[in-house]
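As structure tokens, here come the structures.
Each of the two complexes below includes chain A, the first together with chain B, the second together with chain C.
Here is the complex of A and B:
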């Protein structure tokens, strides 16, 4: 059976829309440096294995860690690459956990790295091919090229997310103001996080609602930026972690579950066979991860939450689907300050993906920040003591959810 | 390490231009593997896929393969490397105790994309890609030359490997038809088109269409599923530095270190005597020699003297190896499957006698920059 895994450290590079001062390798080494400097007794040579990933289409570089080997310090070290789209970072973190827990001889300390330098390429073109791939199928179904153009615009993340947002709004009767409130909370939090991208300490709901629509109900001011950035996390065994840091963060549950991909609809027009805001993947992920971690009442047992929400409606959805709030009650929690930094259940105190989105890295930054909150080392640290936290990721065609459950106590009940 | 059982496998026939779709192929492979083990879809707890966005021409290439790969509402992930690396992740997931049955599948359709152009995107984007002088083919040329020069090995010796593998492939019904040739001679290989001197066309593992799938289970569970489990008793993987000048191309340090790690885990002291068959992912004929030397199956520079035919002292690639068909992202997985067939006595015309332990390898990158090695053992 697997052994207990602990997170010792997490590090970030600085995030911005164009990090033209560095190349991809240098960006990654920035995050690694930040991660390792928090563990002074560990040197880069002490790392036994590497896990890494990004979304290769965005930079126009396939399997870039081949030429980035030396920037990671991975020369003649075991290394694997995990990529799952938007969830890449979460999947890489989960793979880091599995690499340690597997107990392979000589593999104890694992560095997980996720990165993206979107300014090197065109993200929307990269994303369009998610939906654009099946031209032959579409043609055989009688779709015209006019449809295909529409599909291209619907294929990028926002096209799909708008359908998700409207179905969710229809079910829960929330308003655009509720969406804007989420954005304001995130951007205020980002202002206190050193590595965040969109820092807006004075943003108001009116200002957000004053920006033009990209696609109803999502306005320009509500949508995540495209960032350059990297994140690194250090995983090791329970015994080693105790020597390396004061408060090791134990990984007690992980899951990454996909719902059916037909969610986009074959012509990308939202004529999906299933409701995109139903999110069976998120529900199943949380069931799996919570049961591994021995959590029966997530709302009571979890003290801090980082969810992957480039769009504000998703933040509301995830906190409900992951079992933290009752269905359709999330907007109220934002209104009453339950989710604020000093609230009962703080959400996304780093500013979330809504404020910083280096896509490949984003889903790792969630568990990384959630772990730092337990250690008490986060930039925008919550005042209360955090014992258990979660970090999620979202990707695929609206359908893949990664989840990592962490705590300051190891959980052995399920083993 | 604890041993993990391989309980089922399947590989589709390899074609240079398959007359059916990617998803059908994935479904056929995964469904076949589940049938092979006598299991049902509901038994799957985790699915690892191995594809590459550049090879599939689609960002997030795994996002539309969820259903066909058996991943619907199962814990799933993707390894964007060789299928053999996917098996590593599946193995880790089984060892964690979180999962009871892992499906690992990998593959692509090389007929749909210019393989060597896609490989060009793997090179350094600043210094090497713009003039494309250093790419996977020319790098193989450098490596073959470096190996020949250092040990005084002739091109004929390397061509013999291509001949052996193509003859072996003719006995393997699933191998690529274009690679199957029981009458091929060393002269044919040396006189085929030059790819990058001294590498010629017939020394290259030609990319093709294909998908393979493998099922993994923990020891106890594996014994319930099948009475012929094959055990993974050791695994090692390693990545070399990128720049060719930083490496000794006449050998493979990453394979050496991967081998050390795997043999250490499996408790193998003297691989040459303890292993009865090797299935190595040789993207070019000379790599088979370099790998067998790196693994200690032959002395440095003496790989060509090894009797590695099916009835030889230490058969290497009795299935025809990667030269018998190289579907990107599946080739390493197929090597593992071929080793499993040998251990279960299911290899048909290319069955090696009395196989107790086997090794299988996978790789990615120029001159096999990242290598992975498995030690497999048969018997319940």
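Here is the complex of A and C:
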């Protein structure tokens, strides 16, 4: 039952706030080109199946995978589309893994593609459609629209993250300076990554703290941009991967865990997560994925981390919740440089979602970058040898967590 | 106050891309009919009219849901027990939004989720207007203030007011 799956390549398109020179199809084929360039012995005809995904309604066009078929070379081949909100990319990568591990005859090499071209449409319309039903029911219960729009103001994602930031800052007694430090590290890393969006090589903590609040406690300088971009990953079987590249990256564990939705809850009933920074979904997903991968001591066994952190407080939260640092110690690790490129446990050396956020693609860029770090082909390569790495995703109805654990050696769970 | 929204620019390495043809188009969204089952809210709304708070409790995990919930996600059963809830609460979490009012002046508007004593969920709420936002902290004790005339809706609780707490040395105090 099941096959060992390996990643042989991953590719990115250039990310920018307005990719005015390409449309969605061209953007996607840019990422595929970069992905196939890294495996010269593989041609587009050798790909057996496709998985595709982005956020619905963000670009103002639904079912984009159908008219994009020729741009991906997917004509006459199996193709599915996955869309799970903010974690779309992570779910697409996991679907690519599932497709290969299922062991269908004739399906060995699968290309997973996630993309988003936010400059083409109106993101707020897409986001409003997510919560509009819930808002309507609260309105019917007597809450005013003024109150409800305020609750979700500043864009849906920052509305959720600001609550997490408040409780996290309360719990750990950190200041905004600690949040700014995370941002500065990310933006400096992004400056060394060719595909990243916000490349700020000279950013300082003072500059970040000088920007106005978007939503207390998060400032303008701390939040992620809205980017255009695409990401592609190539999954294949263990045997084929050994022929295709020198260092195949084995996918040893995947998890996708949905927890209770925060803030609004279902049918306006409020959330049972009284502490929004608790994130039981992240804890559960790490338990699942690590047990699949045979990792008992994540702090010792994992060498490189990519977490989904549009906002700096989330980066601190995730590295703790995914079992990489002790509770409430993450800010100290950023201060002492443990998480820097040449540190003990480098985090987000591509700049993370904080520097590049093409929503549908973001959660896939995390495992893609983590895989490239193991292969040694990453743009901002860490100096130490990476044996095991993880890439996480966050989103969905505010609490869907995806996690992929990769290593340079297969976990022999199938034998 | 307009300084709040004035976005200070952070420089980054930009690359200019050539502009190819763009086709402008509009997408007028239709009106929708969302389906929700709100039968479980009826006792809750009726009690609100009498200035009383009730919540329902899951018989599987004993969690108390305020406002009431149709199904307990943990146990996958319908919560059928009704319990009374006190009107004292604490701030579960908060954030501050910066929104323009009708005159175009940016105002600080706090948004709070309150956790009622005796309940296991938190819900959206409004604090009394003269409570300084900067004095808000997680765990701040508050109390519901009712409207003069209740109509049986969530907004019957006009706002939450601060309770004087003498336990200043507790760690709930703002750092």
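Annotations
Keep this in mind: the second predicted complex is superposed on the first by the 392 of 415 C-alpha atoms of A that agree within 3 Å, B and C clash if a C-alpha of one lies under 4 Å from a C-alpha of the other, contacts with A are read in each partner's own complex, and residues count from 1 in each chain.
The rule we apply is simple: a contact is a pair of C-beta atoms (placed from the backbone, for glycine too) under 8 Å apart; a residue touches a chain by one contact, two chains touch by 3 or more.
Please read these numbers as outputs of a predicted model, since none were measured by experiment.
When the shared chain is aligned, chain B and chain C each come close enough to touch A:60. Of the two partner chains placed by superposition, only chain B is touched by A:106; chain C is not.
Contacts of A:278 after superposition on the shared chain: neither chain B nor chain C is touched. Of the two partner chains placed around the shared chain by superposition, chain B and chain C are both touched by A:260.
Once the two complexes are laid over each other on the shared chain, residue contacts for A:212 go to chain C alone; chain B is not touched. When the two complexes are overlaid on their common chain A, residue A:199 makes contact with chain C while staying clear of chain B.
In the superposed pair of complexes, A:247 makes contact with neither chain B nor chain C. In the superposed model, A:328 makes contact with neither chain B nor chain C.
Put simply, chain A uses residues 60, 132-133, 260 to touch chain B in one complex and chain C in the other. On the side of chain B, the complex with chain A involves touching residues 1-2, 52-54, 56-60, 62-67, 71-81, 85, 88-89, 91-93, 95-98, 118-119, 121-126, 235-242, 253-254, 257-258, 261, 264-265, 364-366, 369-370. The touching residues of chain A, counted against chain B in their complex, run 1-2, 23, 50, 53, 55-57, 59-64, 66-70, 74-86, 91, 94-95, 98-99, 101-106, 126-127, 129-130, 132-134, 254-262, 280-281, 284, 288, 292, 395-397, 399-400, 415. Against chain C, in their complex, chain A makes its touches with residues 14, 16, 18-22, 60, 125, 132-133, 136-138, 140-144, 147-148, 150-151, 153-154, 159, 162-163, 165-167, 170, 173, 187, 191, 198-203, 207-208, 210-217, 220-221, 260, 263-272, 274-276. Touching chain A in their complex are the following residues of chain C: 3-8, 10-15, 17-20, 22, 25, 27, 29, 32, 34, 36-38, 41, 45, 63, 65-70, 73, 92-99, 108-109, 111, 113, 115, 120-124, 126, 133, 137-138, 151-156, 175.
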